[in-house]
Amino acid sequence: MPPEDSVDRAPARATRWLGLLVLLAAMPVAAAERIASLNLCLDQLLLDWVDHRRIVSVTWLSANEHYRRAPLPDHVTLNRGRAEELLSLSPDLVLAGQFGAGRAAARLQELGMRVVIIPDAYNLAQLQEQLQALGTELGESAELLHQARRLERILQQPVPGEPVSAMILSANNITYGSGMLEHELLERAGFRNLAAGTAEGAGEQLRRVMLEEVIAAEPQLLVLYGGEQAFALAHLAARHPVIRRYVDSGRVFTLPAELGFCPALVAADVLEALKQKRESLVR
Amino acid sequence: MTLSADVTCRELGLLRHGQRVLDDITCAFRPGELTAVVGPNGAGKSSLLQVLAGVLDASGGTVSINEQPSQSIPAAERARLCAFLPQSELPSWSVSGADLVALGLLPWGRVPDRDERVRTALERVDGKDFAQRPVTQLSGGELRRVQLARLLVGQAPLLIADEPTAALDIRHQLQLLQTLRGIADSGKTVVLALHDLSLAARYCDRVLLLEGGRLRAQGTPRDVFTPAMIGEVYGVSCEFRWRDGEAEFVVFDLI
Amino acid sequence: MFDNNKIALGLLAGALPLALVAALLSGPVNIDFAAALQQGWRSENSDAVILWQLRLPRALLAILVGAALGMGGAAMQGMLRNPLAEPALLGVSSGAALAAILLLYYGLAWQSGWWLPLLAIGGAFIAVLSVWLLAGRGASASRLVLAGVAINAFLSALMALALNYAPSMFAMQEIVFWLLGSLANRGWDQLLLALPFILAGGLLLFASRNYLRALTLGEATAVSLGFGGRRYPLALLLGIAAAVGAAVAVAGTIGFIGLVVPHLVRPLVRQDPARLLWASALCGALLLLMADIFVLNFVGAQELRIGAVTAFLGAPFFFWLIVSARRGGAL
């Protein structure tokens, strides 16, 4: 069984590296050295921003090609959110999200393991809290710190004046209303989300929108939710000929798929890209 | 257009599901003749008629119509040469009697006097009343008459009907045979499968007697329907009384 | 009575343009219809774009698909000599959908051009051929339905399996689309993709009309009437496959149109299986267009699938057919 093999090999490799680590790494003594994650988004944050040698396990979803951003390091074990999987790895820090794998997290906590719940983020304020919570647990990881500061810096910049109208058209004709992070990003970047605060007051969350409503709203920028290239009828609306005129005139912006399942990962990038897009439209 | 059909069968054989249902049948059907194919159940009457009509392909031997091998005649042309009424023909849709009869004109494409022909054909089977009635609401005998009108409506010089009198009452049996007699007299070739030997004896010019897929006897009814032959083939005793070549009546009994 | 039938058919034909206008007026956005109509199809004005690029192709696609399904159902009933025959019930649509799924999710993309309808037609052809061979000709209603249900269940399972392993995050939810059909988000491209094949299928079926008439009297009589040989059933099977396959390729499987419509219009054409073809095409177009108008005006969080609407109409009808057959014995 491959998983058990890697479990056996991982500590051996870890001890080999440990000597070097103690000498070279400029990390605080308190920082956890064997981190496991029970949450897809936290997986991604760890893999992107934290030294891979400190990660012992991520969820199996992170190996899925829909979510994987780079090849997984060999020594990282995949877990399916079960307590016993993590026990044998003896991590010194288990990160869990607000939802999912809650039972495993509670069980591990009962067994005396250090489990930290990192809250999910549905808006920019929560996003910053999430990064902060992660920072206090992981110690001063250079990349994590850098990303948190970068987001803070961008958010401190003034919102550009005279908003440009925009509308999101996601898979299955879904658009994002005012309660959503995507809406906040648009507004912060100087856009006016046309799907927000419509007369019926239905614009707070996700909403189905027909193509003719998009055309009638005449947004200056059409925002698509991208990522997947494989065929799905869910993407049919975005491939309709009437959308082509937006594509042809460059009035389309594609949000990265990561924004959907792990906004912390890309929020700063998206904000900057949206601002640039706005500049190019205003000019 | 061919107005007459001279049909010849040579050494006809037919295999179905590995069984020989027709074997070495040589016979002829001439214009102006009304021929009855008779024989006990399972003798091969229906099979012979279907081979003649081109519905089944013979496994051996040939059927030729006017000296032309039947299989080499294009399907559309053969349909104009030969009209066929199978033993059972249940219409799948409840069309009106007139519409069913009109189907007999399909091989001729658009026929200008279609309605007139349909009416005449229905009159010949005493079925004027069935013209507007849905065929699924007709009784068995009434439906049979409509189907016969379908057979008569075209101009085919060769008419083949498998037990046309089945389900008909006695009056309409006689009427039908008289009609077919008249059609044969007008120069057409008519072939019927019949169970009623007295009808065959009375109306037909020629009789083919089949037994076990082989041709047992052929000739005029008077030649074929001898007490000895009938006794051998059917296992019944019989007595035909003839007057002017026509059988006046027939008496049967089990041997 | 004959005249009444003609009047009824005339009314149906007259209702089609009215329904088309109703469909063009249906939608969440209030458009200035007259102005949009005047601005013409090249206009960049949003009302005109909505009318000419969104609503019109969708409505025309409803007409086209409805006509194809109605005609396909009429032809199948005529060919199998059975009033329970229907493309979706007997797996013909599933065959087309399976082929489309294999192409779309494992092969080329939506804009894969002519391969999509061609493959769907191939799938439909194999399915309808299987039904024809399995159930036999002039099979009893129960034998036909059994064979059809078996084929349909098998193909539906294959569809679900194919989508289960499809490399798409939305694959599982899209089983619903392929099973219930949809006209949402369709444009001129899909209409033009299906049109030539549905027209070709219609022409094949039209060419087979006299064969269908002759089949009223059974296979033996049809042969004696000059319709012997394989080319007649082959043309009919191809015609059904082309019409139904091309319709399914762009709109998914929409059931019951091919069942209900021929039954409703059969009395209007005096049961003639040939005239039933075009009458069913007309009535199928009207029915599917009206179903789509209902879908467009239906308020709900999710899109109402058009196949669900036709099933609402068709399933009770199917029950009624079975009950009346048991009572009358004349199915």
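We call the chains A, B and C, going by the order they appear; numbering starts again at 1 in every chain.
Throughout what follows, contacts are C-beta pairs under 8 Å (C-beta built on N, C-alpha and C of every residue); 3 or more make two chains touch, one makes a residue touch a chain.
In this text, all values refer to a predicted model and were calculated from it rather than measured experimentally.
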Open item on the list: Return the chains shared as contacts by chain A and chain C, ordered by label.
Closed with: none
Task: Most central chain, Cα average position - done: C
Open item on the list: Suppose each chain is reduced to the average of its Cα coordinates; what separation in Å results between chain B and chain C?
Closed with: 43
Task: Intercentroid distance (Cα basis), chain B paired with chain A, Å - done: 85
Task: Shared interface positions of chain A, touching two or more other chains - done: none
Open item on the list: Under the stated contact criterion, what part of chain C meets chain A in this complex?
Closed with: 27-29, 31, 44, 46-47, 49-50, 53-55, 104-105, 109-111, 166-171, 173-174, 177, 182, 184-189, 301-303
- [ ] Give every residue of chain C touching chain B within the complex, in rising order.
- [x] 81-82, 138, 210, 213-218, 220-221, 223-229, 266, 270-273, 330
Open item on the list: List the residues on chain A that touch chain C in their complex, please.
Closed with: 66, 171-173, 208, 210-213, 215-216, 218, 228, 230-237, 239-242, 245
Open item on the list: For a test of understanding, state which residues of chain B touch chain C in their complex under the given definition.
Closed with: 50, 53-55, 75-76, 78-80, 82-86, 89-96, 99-100, 103-104, 106-107, 134, 136, 150
